[in-house]
Structure formats: C-alpha cells, structure tokens
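We just call them A, B, C and D in the order they show up, numbering each chain from 1.
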Amino acid sequence: MTPRAIFLVSAPDQPGLVARLSGFFFRLGLNIVDASNHSEPSTARFYMRLVVDLGALSSPKAQAELGGNATRKALEEAFASLVAELSGTWSVGYDDVKARVALLVTRDPACLYDLVLRHRNGELPCEIPVIISNHATLEPVAESFRIPFFALPVTADTKHQQERMVLELLERLHIDLVVLARYMQVLSEPFLEAAPPVINIHHGFLPAFQGAKPYHQAWERGVKLIGATAHYATKDLDQGPIIEQDVARVRHDVSPEQMVRVGRDVERVVLARAVTAHLERRVIVEGRRTMIL
Amino acid sequence: MTPRAIFLVSAPDQPGLVARLSGFFFRLGLNIVDASNHSEPSTARFYMRLVVDLGALSSPKAQAELGGNATRKALEEAFASLVAELSGTWSVGYDDVKARVALLVTRDPACLYDLVLRHRNGELPCEIPVIISNHATLEPVAESFRIPFFALPVTADTKHQQERMVLELLERLHIDLVVLARYMQVLSEPFLEAAPPVINIHHGFLPAFQGAKPYHQAWERGVKLIGATAHYATKDLDQGPIIEQDVARVRHDVSPEQMVRVGRDVERVVLARAVTAHLERRVIVEGRRTMIL
Amino acid sequence: MTPRAIFLVSAPDQPGLVARLSGFFFRLGLNIVDASNHSEPSTARFYMRLVVDLGALSSPKAQAELGGNATRKALEEAFASLVAELSGTWSVGYDDVKARVALLVTRDPACLYDLVLRHRNGELPCEIPVIISNHATLEPVAESFRIPFFALPVTADTKHQQERMVLELLERLHIDLVVLARYMQVLSEPFLEAAPPVINIHHGFLPAFQGAKPYHQAWERGVKLIGATAHYATKDLDQGPIIEQDVARVRHDVSPEQMVRVGRDVERVVLARAVTAHLERRVIVEGRRTMIL
Amino acid sequence: MTPRAIFLVSAPDQPGLVARLSGFFFRLGLNIVDASNHSEPSTARFYMRLVVDLGALSSPKAQAELGGNATRKALEEAFASLVAELSGTWSVGYDDVKARVALLVTRDPACLYDLVLRHRNGELPCEIPVIISNHATLEPVAESFRIPFFALPVTADTKHQQERMVLELLERLHIDLVVLARYMQVLSEPFLEAAPPVINIHHGFLPAFQGAKPYHQAWERGVKLIGATAHYATKDLDQGPIIEQDVARVRHDVSPEQMVRVGRDVERVVLARAVTAHLERRVIVEGRRTMIL
C-alpha cells in the first residue's frame, strides 16, 4: 500500500472548482482514489474531500511540477497557493501519520471500553496515547489495555488549574483530537480555545433535553424514542455542530433507569461513528452545521 | 365472529387487581381474548386493557350474574361497580360500534389521502363521516372518496365563530375522535374542552423544534435525523401527551424543502399508527405521558 | 433556472479520471454543480455521476470547443469520444426532458396511489402518461387523477399476446421506465429484453422469502423484522440488482395479515425511493450490484 | 425488595385462563406485579407470563392454601396441578436465584467484551462463572475480568471428545444457559440434546445468507441493509427459533470487510437483547417461532 493524503477544501462556489482541484493532482501524476463534493445553494459555498494516492509523489513528473522538490511540504505549499486563488480554506492529513487521540472520562466505562476495543480491532485509524480522568475509578480499565492514565481531580476552586494541567498534557503528548467519552465536566471557553478539536457525546436527542439528566427529562415527557448526539464541543454547552445522531425505540413501561441503559447502546455507536468520521477527515464544520463528505 | 368489548382500566396499584378484573369476566362466562397490564412504580398506578368476547353475554350464566338482564348496559354497570371499589377509572368500546372520526385538513393532501386509503383498505376500524377544512382546496379529494366535505374559512376575527361551527358539526355527526391531518390552525382552549379527543401530527421531533417551520429549524441546527410526533392536542401547543414518534435519516446535502418531503413520509406513518392505537383503545393518558397497552 | 445534464460514467479505474472528466466540462465553461464518484477495488471499476449546468452551452467558449456547434448533440458526441478513450460506458439525461413512466398494476391500489400522489406533489421528476393493468379494478383511481388507463387481461394462454400489447403501448407512448407497482404477473424474458428498464417492488426482504406469499413465509419463520426490496426486474425472478431496501419491526402477536399491512407501508416508501433514485440518475448497475451515486 | 417468581405458561386456549391463573395467586395472597398473555389464533394456544411478588408467601393465608407448607416447592406443586388441569406446560424462575451462563467463544472478542461489560454494569441478571473456548486467544480478556477460562481445542477427530468435556464443564458448573458469543464451531445434535438452552448469534439476516461468510454473500448480492439474528441453536444449523433481529444500513461503497465491522455493532446489540429476554424469562418457544412476552 502506498500512502494517501486526504484533503478537505471549502471555498466560495464558482465554475470549474472540481476541474481545477482534481486537475492539480492530475498534473502531478497523483491518482485521486476517492472524491466527493457538495455545493450548498443557501450559502453559495463549495466543499470537497479528495483522497489522493501519494505513490507517484517521487516521480520525475511530480518533482518537475513541484519545482524540483517532491516532498509533502512542497505539495502542501502548491495546494495552498491554488486554494488561495479560490479564496478558500483547506486542511490535509496522511493515512500513515495517525492522529493522536486523548480520551477524557469520569466514572462510566461504557464509551471508554467501546472506543478502546474498536481501536484494538482496527476500526479507529488513530493512536490513543492517554486517558485522562477527574477520577481514579477507571484506572484498572486503562491498565488492562496498557494505556497511560492520568487522574486529575477537579473542584470548583481548582477548575482553572486542572484545565491547565490537562492542556499541558495534551500539548506534551501532541494530541490532535480530544474525545469526551462521558467526561462529566463542562469545559471552559479558554480551554476550548487552546485545545485541539473536542468531540462530545450528549446522551439525548439534541436540541431537545439539553442540560442535566436528559433521560429523566425524556421519560417525564413520555417520548417514544430516545437518542444520542455526538457534536463538537463549543463554549455554548450542547450547542456545538452535530456530527452524528441516532435513536432507539422505548416503550411506556421502561423506567428512567432502563432508558439510561437503552441510551447507552445508542451513545456508544453514535460516538464511535462521529470519531471515525472525524479521523477519516470527512467532517467540515460551517457555522453550526457539519458536512459529512 | 362474535362481538368484542375492549375495557381500559386505570387504578391505584393494589394486590389482586389482575385476578379481580379477570375474575369478573370469568364469573360471567365471558372469555378474555387478549389482556395486558402495566404497574407504574413511580406513580403506583395500575393500567389494564382487556379484550372480552361477548359471545356468551346472552347465556344463562351471564344473565344470572347480571341480575337477570344480560345487556351491555348491565355489563357496564356491573363493571363500574367493581372499578369503583378499586377507586379506578375505566372506559369501554365495542368492535361492532365503529368510532366516528372527523378529519380536519387545510391544503396539504398527504395525510388526508393516507388516512382515507388506509380506511378503505380496512386498516382503520372507524367511520369517516366528514372532512372539515378552512379551505376549499381539498374538496375534490373528499369527493373522489365520496366523503362529505365542509369548508369553513377562518380569520383572526372569525375564529371563535368558526370553531363553534366546527363544534356543532362534530356534535351533530356524533364524532368520537378528531384527527388534525395537517390542519394549520391553533385550536382554542374552549374548543378543546368541548370537543372529543383530538390527535395532532407535529412535523418535528418534539420536544425539539416546537412552533413554526420545524424542518427549517432542524436544518439550521444541522440535525442528522428528522422526526414526526403524533400527540393529543392540549391547550399548550405541541405539549400534549405523545402517542407515537419516528425519525428518518437525512444527509448534510438535503435542503429544507427536501427535509419537508422526507418528513412527510414519516408524518403519515406516525399519524396512522397513533390513530390506529387510539381506535384499538390501546392508549391510556396519565398526565403528560401515555401508556400504549 | 438554467437546464442541467446528468452524466453517468463507468470505466476501468485509471489515474486522472476525475480530472479528465471534470476537465472536459471546465474547458467548455460548463459548471459542475454536483459530482460524486466511487472506485470499486474488488473490480477495479470507476463510477462517476456529474451534474452539469448547461447555462453556458451557448457561449462562444463552448461553441469553439465543440467545433462550432454548441448543441446537446455535439456535447454528447464530444463526451462519447472522451469516454471511448477511457474504455468506459456512459449515459446522459436532462432535467428539462422528463422521463416518461408507465405504472403497471393489478388490484392493490396502495403503491399506485402513493406514486401518483408523490408525482402530483412534485417529488418524482417524471411524467406518468399511462397506467396499465391486467384488471379493470383500479380504473376509477386512474380516472380520479386523469391518467389514461388500459386494462389488458391476461391468461396463461394469452400471456405472449398480452405482453406484446403492453410492449406496443410502451413504445407508442415513448416510455422510459416501467414501474411494477404491485403488478402480479411474472414478465417473460423476451418482454424484459424489449422493454425499457423495469423496477419491481418485492414485499419481502430479499434474498430471503423469494416467491409467493413472502409475509406468510416470514411469519412461519418467526422473524422479528419484515422488509421490502425494490430491484430491477430480470429474467431470474426476484434476483435482479437491488436498488433499495428497508424493514419494519413486528411483534410475535401480529398475524400474517397484519404483517401484510405493516409491510405495505415499507413497500410504498422503498418503491418511491428506488424510482426517485432511478429518475435522478443515481443508479449504476454492475452485474448483480448497484451503485447509488 | 421482596423476591419475585416469574412463571411462563403455555396451554390450549380455553375460556377463563387469565382468571384461573391470576386467581391462583390471588387466593394465596400473592401480588401479580406484571402479567402479559397472548392467544395465538392460528394454533389456538395461549401463552402467559406472570411476575409474582413472593413477599406474602410466608403469610398464614398462603400457608393455609398450600396445605400448611408455604415453601417455593409447595407453590410449584400447587401451580403444576393447576396447569395440568389446563393440559398446559410451565416453568418458573426466581429473581434471587441468578441463572448461570457459560460464554463460548473462539477468537473474536467483540461479543465477549460486550456481554461481560453489560454484566458488570448490572444489565444482565445472571452469573458468568465460566468462559470456554476452542482457542487460548481470549484468555487475557477473561483474566482481566477474573472469570475462569477453559481452552478446549478441537479438531475434526476430537470433536466428539471435546464436546463431552464441554458438557462435563457445563454440568459441573451448574450452567443454565450457554451463549455462543462468536463460537466458530458447529455443535453436534447429541451435544445440543444434552446441554442447557444454547443461544447463538448469526451475523446475517436469517433466513437469508445461511452458512459461511454471510457478509460476503450479502455484499455479492448488493443488499442495502445488513443484519444480525440471535436464535436458539438447534440441530439444523441457522434454523432455530429466532429471538431477536436488527439491521444497519450500508452504502454501495462499503467493502465486505467494512460490512463485517458494521455488522459487528448490530450483532452485539442483538445478542445482548436476546440473552436479556431469555434471562428475564420472556421467551416461549413454539415450534420454529418464539413469543416474546
């Protein structure tokens, strides 16, 4: 297998975008393995995801096109010039450079086990170099998978300080993505600004049932379906761009506690799908909405 | 086929309820064809649905137990005495006495066609003696199915008067159930107090997206699933007890208009299921919740 | 709105396909509104759908590129040359040239009503110039929508002759797509070879429960979900490429007859989705599989 | 909490069954906490599940009714007499006597982890005293949860002998239920006759795709949904009574390998639901069908 690059582009819609973006790689002799794009009429924005085989990056053709230096950095610079002409924004990832993911947890092990097992199973293209918690409860789980575990307790008084310690850990370990796998703390705005992207799982069908005890709220309201929502964490709690949602049917005779159990199955799957979509670089955020390409 | 009665009972939970309620019919020699019950621990209430074969109602045994008069009225009085001892409430329906349902519509024919076709198909155990609208648009649809159609236009000034005309129609036609099959008017509290039960279809996944244009709200929020909710209409708009809900998955590239179309498919099915559950006497309302027995 | 062309291409996978196909339209000055492609590793085939705005087809640039004659025919010829170089196959449709769809029915009106209502509602981008049946039962439905209706009864002896009459009708009315909306006849191989594409709805979750009475088969087997499958009709009954499937949950206490009713709701939606996908030119057939682009 | 008994009854349908069965407990002064029943018209059989609070079993009233000896054994004998009068069959379980479940696995840890974590989480009302495998691969998983693990390798030649060793283990450990959590061996008919009930998870939507590599079969056939089926193991492979099924949607661009991953999520949930239903004594088998009460 030759390595692959995944480019994500967002630009004002204009004629010739697909041709110009795909032509860029054609001229370099690089094969586009997979591509999808979407033009959003309401905002006149264009979004594209391109998966490019880098096997021919060291060919004379690519070298010539890139001014004699057929490195990834040269490729990125050339692509940046093109996107600048289109007034767009872009990002890139490589499938041989695994994203480094930190899992933040509290006491509930369900999402943690689920993500770690999927990782071990080859479903999540990433490394998991650390699990961080505000409690020591899940240390044995981390140990059984030989993942370093940090317990950083937090109180109202120490919140600022604890968040700085978490940030330091994230930086020192070169973390690219933070996953809140049932981390029962609200993250501050400064933390979210300084941290890499953060994905949260909300155990409710947002935007209904925001806030605490969503399943109890759902039970009180007599809903017939309960859901889970994975979204990027933003300063407005439970208001971040939604990545994935799903539901499960419940009957009138379930208790709030059974709703929690049914919901837990939905949460795990929804969180795993959202993390996978992010790691495969399929998600473009635009305001409060996401495109899943 | 012999006729059947369907009893619904709600009572404070207490030992022996199933035995006493089923024993009542056993002593009369009436066979219980179907029964289900539920004890709600949070409220200590007991709910039961009993489907009883009335074939043996004219037997000497039943006659003797009912004091010599084996009529449905005598059966109801005897059952009422039993439930009064249990401090409960009850209702009864007979499968050879079809409920009379009025459909209220405005301009959108989707739910109207759906219900009328299901009715013709034998799926809805009811009669549909009237379609009432605030517009004349759907008159040809009503005519093609030979159902009497009344157009009662309404403005802010005539709302009170129009609602009284609708109420008069409902009374004169002995309507047992009103179905708002996309009737784009808010019904007043006095109307709802005077009318038979009213089932509404909300084109959104309540409690999210209450109010106007729910699909546009859902689109703005970037949700990945859209839903529909059938509920009993109450004075608090979109707050009535939920009978049925379902969802459909949408991708990032659907427009609000496409969401409306996808949603319409969900609405039709959800409304039909809710109306069927009501007509089969499966629904017990308790506060803001419903039990579907 | 300017008119749009939708191109579907299938070709052996090779470097530069996206760039060459999109570059073709770029050189003509035609904007690609929507594009998606897929490379199937197991077969090394490449599939692409391109939606192209034809607004600039009459521009000098397009005229020059097309050798002075900027017609749709010239565009098609130029595109054919390109795809021939790639050893591929292709087809095109225009959104201002509506496909003409014949509905074939027998006695069950559910799918017929559903498709006709969606059509009237603007959901199906086609014309429905004819409904053909082997029974007169649904004539009033056709009439209520003012669609010409032909009753062509069939027996074992007259099957060959009746199919020729149907074929003649399809040809005379320039039909592009035949939809079997619960047409309870097996079509012969010669008919299928001579006819335009035929979409069938199977009231079962293929490949299980092929043949007659699938819901009864499903009931006997005690399945917990029942499904419906829309597929292209081929000479091997119920073996054609699957376009769309869905399921609904059933409890142990449903009868085979109730399964039929539950299934009917699934069938309608699945058939409508399949017909829409075909009409939007999203379906590429490859052997027994379909790509939905 | 006082202990509870769960009775399952199956009998020929006849008048007064609900009254006689519930009356039995009423006379003893035992409260029926939950009850549901179903009369199957096609077979004229009656099925009932009764959950009975045993708190009053030691009361003088119960003692008198049970002939002076208010033990569980006396209760069972009295109930057996009643059901014999009805020509029925019955079974009972107690919520303070946890079923003992053996998990049989091979190399795939997904279902194993899932069940063990749910157990630890309080979702499965059982004990898991043993994990048995034909490979040593999953020993560390068993150890990390401190569950005894037996590796009993098997070849074509040693199959008979290995199955006897498994049977001996099941007997010695008083196992009530065997769960094949991806145990990749076909069990012989003598084994199944001698063993307690066996629940299997089939990674396909039965009855389609029986036999080996169901996801590859499904991929070849181009299905749009893949499923999983939990059923009781019988001598006819993949033909046993179905307890639970579910599906997940797949797109044309998933590979057979990705189908396996998507399917694994469905399998886990379906198996867990089936095991829970069995442990809660909700399942009655009747021929090839199951009733879930």
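Points worth noting:
Assume a contact is a pair of C-beta atoms (placed from the backbone, for glycine too) under 8 Å apart; a residue touches a chain by one contact, two chains touch by 3 or more.
Values in this document were obtained by computation on a predicted structure and should not be read as measured data.
With contact taken as defined at the outset, subunit C and subunit D are each touched by A, B. For subunit B, the chain with the farthest CA centroid is A.
Copies subunit A and subunit C of the same chain sequence form an interface built mainly from equivalent positions, shared numbers / all numbers used being over half. Note on chain placement: the centre of subunit B and the centre of subunit C lie 38 Å apart, centres being C-alpha means. Separation between the centroids of subunit B and subunit D, computed from CA atoms only, is 37 Å.
Between the Cα centres of subunit A and subunit B there is a gap of 44 Å.
Multi-chain contact residues of subunit B (touching two or more other chains): 38. By the touch criterion stated above, subunit D contacts subunit B in their complex at residues 15-20, 22-23, 25-26, 29-39, 56, 249.
On subunit B, the positions that touch subunit A within their shared complex are 38, 40-42, 205-209, 220-225, 227, 241-247, 251-253, 255, 288-292. Listing the residues of subunit D that touch subunit A in their complex gives 109-110, 113, 117, 121, 123, 144, 261, 265, 269, 272.
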